[in-house]
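Below, subunit A partners subunit B and then partners subunit C, in two separate complexes.
So, the complex of A and B:
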């Protein structure tokens, strides 16, 4: 299903193009083949300028913090190269100005850690000699690649542990917006929980922000008041973990290890690590090998579950880790038949959802409500 | 039953931020100064609160120091707007920009640290055992009692039951007449604006010491602006301001509860509730109770710097 509101004219054309391309370029595995473009020329390390546009502050202890660790890894790996960053890049024409400014300062590679849609696309189009990467992007160009993490696997694994630890079978989810990252997170989490608690359900609350501790705290409280005893979400801060700690519930978090906010409540976190990937992309750019890629970093190489919290029973951890080993070995839990919330079969029996399908998941499975 | 108690408890907790900031704004606006710096003052108060409890785990001290910081910045703001007669709107916006920026810079060291000490909920004996409402109303932290009971009643008494309060209101309504009557207009404005700023910063400290309890950049998230608009709705009255803040907290938490309980209302509409509520709260009284208009009107000299020589 394609959402009209996500569809720009170019997006529409891209669907056609993607349909055409998918006939020619079968997408195999996790990392899709480079697009047909000549690599950008090599640059000397001392002349290289790598710039990051961050959606949040580097001090957020979450998403942007994790990306900034990646930037620091690049700075350590290429000590002569210059790295720049701008925090709190808004989703507006200001974003274009910031990316243009980077290009004017001689950046060879510009990385945005969030989806900036047309605001990055237009700049990339006009500066073809600069390499661009857009996290969670969906409209690639000859010099604009996209990257994201296969967070649905650790979400599924955490879901198994959550299912084992939930008494009520009611799970809660603090959602930002009804976007694919949220759908794949809620669906995977509930599918994991249902392997051990078949009648588990998941209730989501949309707070219309990636970062609003006050709203997240209230949403977490409302979910617990409603009977949920394990919370999950996709927030750049720890507010609902603190609520869970106070109320004696459990929580699964995102981005980084933030167990100190609620050591009793902490189950695990979907931790992301872009360091190795960033270093590799910068190396390719400096060496003159860079062509854009559309990467989804697999589990174990950029995204994983965090070390289990102190209150997670050893059996639950072991059971979830067994699933993790299976997934690392190539097994996928996202195989048909999967029905949506209305009971329609969306994934036919025997069909294994591809990484691209998981990346673009935009419907709720049966049992998920509130999105 | 638990759901209702839960709703009331969270709306009281959430409304407290707005109530305290709105009380501060009532003080400033009653003497004729619009302070649009509330958002920045709250950010400064929030970061001061967390910085203090990290140094010494005493939430009371954190709250007090936040108010001192707010008072200081309030004095700077009041000096420029009252004595130098700079434009209040511009100075307020500048204060917001400066406050949020400074708080973000100072707070960098504290982000990612949960508050080591917070205001614990205090159960009032006997009252907290009342079924249904007992837990919601009488198991709150001490600031809640201060914000919802002590402060509004004290301020109401001060403004509407004392000679000093009459002078205060006169300064906001007609500074020239007040001046002629021998009321020190500028001193009055200066001290009340500063005191109001202290309360706004206290609201920020409430946020990091009782509500969220941790600092992260952007933690205030626009509540300062909502507090400013609540004051208008509350007709510049302290008790109304607290009631309006509580109503706002209630509507907000209803939105979350509605989603949690899966009411058949789309979530964007539920998230819109507080704002729809605010609009309704402003429109309905205007249409329905024409007589209220006078009572709820803004102080006549609000936003105007006072020049003695051009009266």
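So, the complex of A and C:
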């Protein structure tokens, strides 16, 4: 079993914080043209305050837990700096209040692990001397950067395994909101499954939350009732894995290794690790080198599939891992022709979708319903 | 010479005020003990809260911004209570008002000076429409408005999620799960605090005057305290009920209008921040007095903003909610106790 901690120890995901920035993906200009902002001035480590606003609770064992491991890595790398965090930051003006409060408490860098849109943008605009990062953000400023993970690749790889393990060819997806990360996740997963089961379909249910175990469990139950035998989703916790376990279905999860909630059902997880990236950004901020970046952490350097579950047949795992090797070697499955759910050609034959197009994917491919 | 405890219909203002003060102090002491038990230093935290809430423009502006929707939703609930109607649906009316105002802002062309008043009217109408069915059901079929207004909250919440992620989704691709930024904004007059604050104050004064100085207000108050007597005296109870409930919904709709037009600038799911439910607490603290809504909303805003400060100090939102609940709990006890006095003989 490959645990993300082991991967880090082996230096597989750990991209060498001490070695500097060069190992990270394209420094800037990835999502929008590079910004020529002057770096924010250096701060002494003992004066540095780095604050995180989390979309969920750190105890979710998922998304926020993974980000909080990153915060702990920062605290370990810069022991004299102060780190702050607030959990369960809502998508309301309260988010702005929390970010403003961080600034009032002297934060030099404020990081949100979700897309807070104008709630962070407006605060960043009014506090130009504070560095901001917004996960999955799309509206950069001279002091507001963006970071995310190229989860579409591991989603595609997991989709291959799911296609091999599904009997009904019906896949289910517990969605948060109809946003690009959900479109890219559902599309990539179904595309992967269709390489081995060409008539596979995917039904999504939107629950309007990233962390709502009860709603996620209900959605998982409804999807299985509708015939789905493999569930995927983008939840910060393990509820639909437990449903799959009880109902004899399979599930692909997100964020961390949570197989203990459903060892029979567990196929894999889209595991994330932000530690090295966070440490590097804080280092740049303290050193007076920080300008906003727009980073999508690539597969193998911040996002990957987890070790396969115990019920995944060896051949399925090998077949999916062969695809993973190809992707790691530079191949992309996201090449035209790709049609949307209405049958229109959205990606022309021969065109390979760029990372930015994948990041901004906002339409469903043929075979996806419910978004 | 024996002493006995006597209940009086209403507490003298000085006693009521003292009971309030004691309730808040006791709640804070209790919260301090709990925080100390959790390993925090309550005095340092208290100082931190006071310093950032009242000692910085950040804190004061945040309170000024928070109080606007609380005044409207608190007033909305208080108005309903004047005639004995429990509007638990301010949350839904908030969303309906925000939805209607957003529709006007996005789809009606024109200068801001024209569109903002239109949004104001649309917000009020949206809120009133959202309470229309519960109002008619209560007035003509005696259906309990507690349930109907509450259930419509969920409908309104989901409706806003749907339009913000579906038909009205920001076409620029630069924002997720929200509408485009509204082309018209309520101007700010102090930091991030916008003109919704003075407008809220004026609406409170108008409503208070309506109840205090008009024949209609007098009849509503009579009808609220004794519907039988009101009917017997020939007052049109049903008509008053309908007007008051629609007014309540309209005021809650204004909360949504100002939140979207002044604070958030986009319609999206979750923006109500529970202001509709918090309005119930504000109305309880204000004892259904329209003027009382102003200090009650201010107190609630300070408490909520203190909650933000406490959260950045590592205290979970659940603890903050528990402290808020404690203050209301003690206040309710204090209010009741203030109506008893010890008399001789």
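Methods note: the second predicted complex is superposed on the first by the 337 of 371 C-alpha atoms of A that agree within 3 Å, B and C clash if a C-alpha of one lies under 4 Å from a C-alpha of the other, contacts with A are read in each partner's own complex, and residues count from 1 in each chain.
Basically, contacts are C-beta pairs under 8 Å (C-beta built on N, C-alpha and C of every residue); 3 or more make two chains touch, one makes a residue touch a chain.
The model shown is predicted, which means the values in this text are computed figures rather than measured ones.
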Mind working out whether A:125 is in touch with subunit B, subunit C, both or neither, as first, second, both or neither? neither
So, does A:283 touch the first partner subunit B, the second partner subunit C, both, or neither? neither
Based on the superposed arrangement, let me know which partner A:239 touches: subunit B (first), subunit C (second), both, or neither? first
Once the shared chain is lined up, is A:208 touching subunit B (first), subunit C (second), both, or neither of them? both
Using the superposition on chain A described above, determine whether A:260 touches subunit B (first), subunit C (second), both, or neither. first
Check whether A:115 is in contact with subunit B, with subunit C, with both or with neither, and answer first, second, both or neither. second
Contact residues of subunit A, present in both the subunit B and the subunit C interface: 57, 178, 206, 208
Complex interface listing, subunit C residues touching subunit A: 52, 56, 58-59, 62, 65-66, 158, 161, 165-166, 173-178, 181, 192, 259, 263-266, 268-273, 305, 308-309, 311-312, 314, 316-317
So in the complex, the part of subunit A that touches subunit C is made up of which residues? 51, 57, 84-88, 90-94, 97-98, 100-105, 115, 117-119, 126, 136, 138-139, 177-180, 206, 208, 360, 362
The answer for subunit B against subunit A in the complex is residues 2-3, 6-7, 10, 14, 17, 104, 107-108, 111-112, 114, 207, 211-214, 216-219, 221, 223, 252-253, 256-257, 259-262, 267-268, 271
Any idea which subunit A residues touch subunit B in the complex? 56-57, 59-61, 65, 172, 178, 203-209, 211-215, 217-219, 221-223, 225-226, 228, 237-239, 242, 258, 260-261, 369-371
